[in-house]
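Encoded as structure tokens, the structure appears first; notes follow it.
Chain nomenclature is as follows: A, B, C and D, assigned in order of appearance, with residue numbering initiated at 1 for each chain independently.
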Amino acid sequence: MNFLSDPVTFIGNWLTGLVASLGMPKETAAAWVTGVAVGILPLLAMLWVLVLIWYERKVIGRLQDRPGPNRVGPFGLIQPVADMLKIFLKEHILPAGVDRIPYNLAPILAVGGVLGMWIVVPFSATVHGVDINVGALYIIAVGAIGTLGIIFAGYSSNNKYALLAAFRVVAQLISYEIPMVLALLVPVLLARSMGMNTIVQAQPVWFILAAPLAALLFFISSIAEVGRSPFDLAEAESEIVAGFNTEYSGLKFGMFYVGEFLHAFTNSLIFTALFLGGWQGPGAEQFPILGFIYFFLKTVVVHFLGIAIRGSMPRFRIDQVMQLNWKLFTPIALAAFSAAALVEKLAANLGDAARIGIHILVNAVILGVVLLIGSRVFKARGIRLDALAERNRAAVKLSMEKSHDS
Amino acid sequence: MIPLSWYLVLSAALVCIGVFGVISRRNAIAMLLGVELILNAVNINLLAFWRYMDVIHVTGQVFTIMVITAAAAEVAVGLAIFIAVYRNKRTIAAEDVADLKG
Amino acid sequence: MTISWLYIGIFLVVSLGLPAVAIILAGILAPKKPSPEKSIIYECGVDTHGETWVQFKAQYYLIGLVFLIFDIETVFLYPWAVAFDRLGLFAVLEGLLFIGILTGGLVYAWKKGAFEWA
Amino acid sequence: MILDQVIFLITAVVVLTAAILVVSVPKMIHAALWLILALAGIAVLFVLLQAPFFAVVQVIVYIGAIAVLVIFAVMLTRKAMQDDGPQLNRYSVLAAAVSLMLFAVLTGMLLSWDGANNLPVNPAVNPDTIVNLGESLTNPQGFLLPFEVASILLLAALVGAIYIGREHRAGKEEE
């Protein structure tokens, strides 16, 4: 095994050999090395957040015609480190009347619920985390832990606004979980497996081609799951102070921040693995290092898209968020999944190209129907609103004439 | 290897704790939590028997699915009833809500 | 199989332990100067009135309810999707019937205004 | 392997402690939080039983949905039960006695049964449980009927709960 083509396996084998030479059976040694590597992965992910924060602030800055962080270190690269040191040394204020255990548990769950997803992500042909056969559902399950953290934070803070915000956020998170789970079902169906590694291996042709609607829904829902603009009701500062983390200070507050940034990136990782072929690319099987690079590049593109949306969209109202989900996304997700299942079964004997063509066609038809109905609904609503406005104008005119007369 | 009896004793204990909760709590939601414990004990039993007695077939797993479904339906309707009762009577203490007695 | 779940267990413990350790460390390093002023709940400088436990709209409950039902039904479609190759056309139609019943619930909730947030 | 026994025992202690707290703590919201811990412990047991699908379903359905719903309901009915009042009714001593007796009887019965010391059937026998499960759910010779009945049950629960739970007089309670 060559170091350059597959560094992780190379190092792993070397370490296993080293441990085995201490007089341990080869398999036990390998298990220990894997266990330690698994233990180190969360640490790497946490450190990666420092880069993410810098990158995101820089991109948002450039999008809004500002330089972004540029004082500490070259290009402001050290800025997140400085910020972290600062927040690390801030006082933890314990507000009166908090429920201590859930209050302290909440930031831990918020970060842990995101970090936990990393274990099933296949990074390259040889480094695929842990390949369990329920990987896709595992991601959803771990995501539920993060939701729990938000409820804990809101409930335990003894603050009306925090509680209100937490309830809003939780309502949003659980709502958007439905289209997310349904959209996730489509790649599972196409790959005939819930294992993340199998899903990636089933994508010589990316699933985004065969399931564009599911991919779109998954992408939007995952933005909503992170709670970012345009779904950032959690921090609608004009309505609910600063959201569910109002009463948090110091590193406990910082943890929510870390969780959010990491969640955005993690979702991009998962999106890439599910719909953009993960590490697949020319030569990725022979040279796993190439797989890493492909995976990273695709993820960065998806991540950038998310940041660009964050930087340019205004915030939805809560009723809009709910209606968008239940009246638009969930029906589309149901339709897209049913159509995918039917096409997979009826066109099972056709070639790959023909089947994918039919998939695209069906997706286009669904989208067309949705747009048609949508335009009708909006036109009808527009007519109603116009009539209402006309009546109002008439009433105002009438009353003005009356007041003139008297 | 864990003997089957460990799972069975654990789930028996869970059932008993759940029964205690259902009988003795005043708050109706707390009684519902007791029922949840009982149903979870049932699930442990079903899966343990599946694993230890009949791993070829999936009967135990299908039953677990049914129990989870029933538990969810029960929670949904039960909590809705409590909320409706609360809205009308401002209480959800079980002994105060005895209007349905024949 | 079991060994991978052991790894997942290790991973989850570390992912929960890492932020916990960081917070505890920060708690040791950070200055501690509590004062009654500081520990007042932040409500824009206005003193808190009444209980924190304000009443909530039943709407939240309805959303949670619809979510619960949908969640369960979708989760049970996953084994069905995994076994897709072994299913005949009839079985696929059965699965779609399942989704159809689910859609019926969605339509009912919609008609009854569970998603209106007035 | 001794490791899984250790994991089982730790998990069992956690589950039982959490369950006892569920039925005994005075604050409803705390009972809900302890219930979450108990449910998480049961998910670990499912992993030990090599039913990982049910472990994740346990977390998604019970912790992600049912527990959230319970917390919502507790918040909605918050004022109904002042937490300083008695939480146990007058039967509590009797209830404790009954459940202890029930436990003694159950345990006695279980331990006197021959199959109680069974060890698991060969683990490698059935690697594809999820596929089997999925297939049998829509197989007319398998469990098609229960599967469809389950969906009807859920639909009925949804309809019933929405009918009962929605506010008939709009705009009465504020957010």
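To be clear about the criterion, contacts are C-beta pairs under 8 Å (C-beta built on N, C-alpha and C of every residue); 3 or more make two chains touch, one makes a residue touch a chain.
The shown structure was predicted, so the numbers you read here are calculated from the model rather than taken from an experiment.
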{"item": "A-D or B-D - the one linked by more C-beta pairs in contact", "value": "B-D"}
{"item": "Most centrally placed chain - per-chain CA mean versus overall CA mean", "value": "C"}
{"item": "Intercentroid distance (Cα basis), chain D paired with chain B, Å", "value": "6"}
{"item": "Interchain centroid distance [CA atoms averaged], chain A/chain D, Å", "value": "29"}
{"item": "Computed distance of Cα centres, chain C from chain B, in Å", "value": "21"}
{"item": "Between chain C and chain D, centroid-to-centroid distance (C-alpha), Å", "value": "16"}
{"item": "Contacts with two or more other chains, residues of chain B listed in rising order", "value": "65, 68-69, 72, 75-76, 79-80, 83, 87"}
{"item": "Chain C residues counted as touching two or more neighbouring chains", "value": "1, 5-6, 53, 56, 58, 60-61, 64-69, 71-72, 75-76, 78, 81-84, 87, 92, 95, 102, 109, 114, 118"}
{"item": "Numbers and ranges of chain D residues touching at least 2 other chains", "value": "4, 50, 52-53, 57, 60-61, 64-66, 68-69, 72-73, 75-76, 79, 130, 132-133, 137, 150, 154, 157-158, 161-162, 165, 167, 175"}
{"item": "Pairs of chains in contact (touch as defined earlier), listed by label", "value": "A-C, A-D, B-C, B-D, C-D"}
{"item": "Touching residues on chain D, where the partner in the complex is chain A", "value": "29, 33, 36, 52-53, 55-57, 59-60, 63-65, 67-68, 71-72, 75, 130, 175"}
{"item": "Chain A residues touching chain D - in the complex, by the definition given at the top", "value": "99, 102, 132-134, 137-138, 140-145, 147-148, 151-152, 155, 163-164, 167, 170, 174, 177, 194"}
{"item": "Chain C partner contacts - residues on chain B that touch it in the complex", "value": "65, 68-69, 72, 75-76, 79-80, 83, 87"}
{"item": "Touching residues (chain side chain D, partner chain B) in the complex", "value": "1, 4-5, 8, 12, 15-16, 19-20, 22-23, 28, 31-32, 35, 38-39, 42, 45-46, 48-51, 53-54, 57-58, 61-62, 65-66, 69-70, 72-74, 76-77, 79-81, 86-89, 91-92, 94-96, 98-100, 102-103, 106-107, 110-111, 115-122, 125-126, 129, 132-133, 136-137, 143, 146, 150, 153-154, 156-158, 160-162, 164-165, 167"}
{"item": "Interface residues, chain D side, partner chain C - complex", "value": "3-4, 7, 44, 47, 50, 52-53, 57, 60-61, 64-66, 68-69, 72-73, 75-76, 78-79, 123, 127, 130-135, 137-140, 144, 147-148, 150-152, 154-155, 157-159, 161-163, 165-167, 170-171, 173-175"}
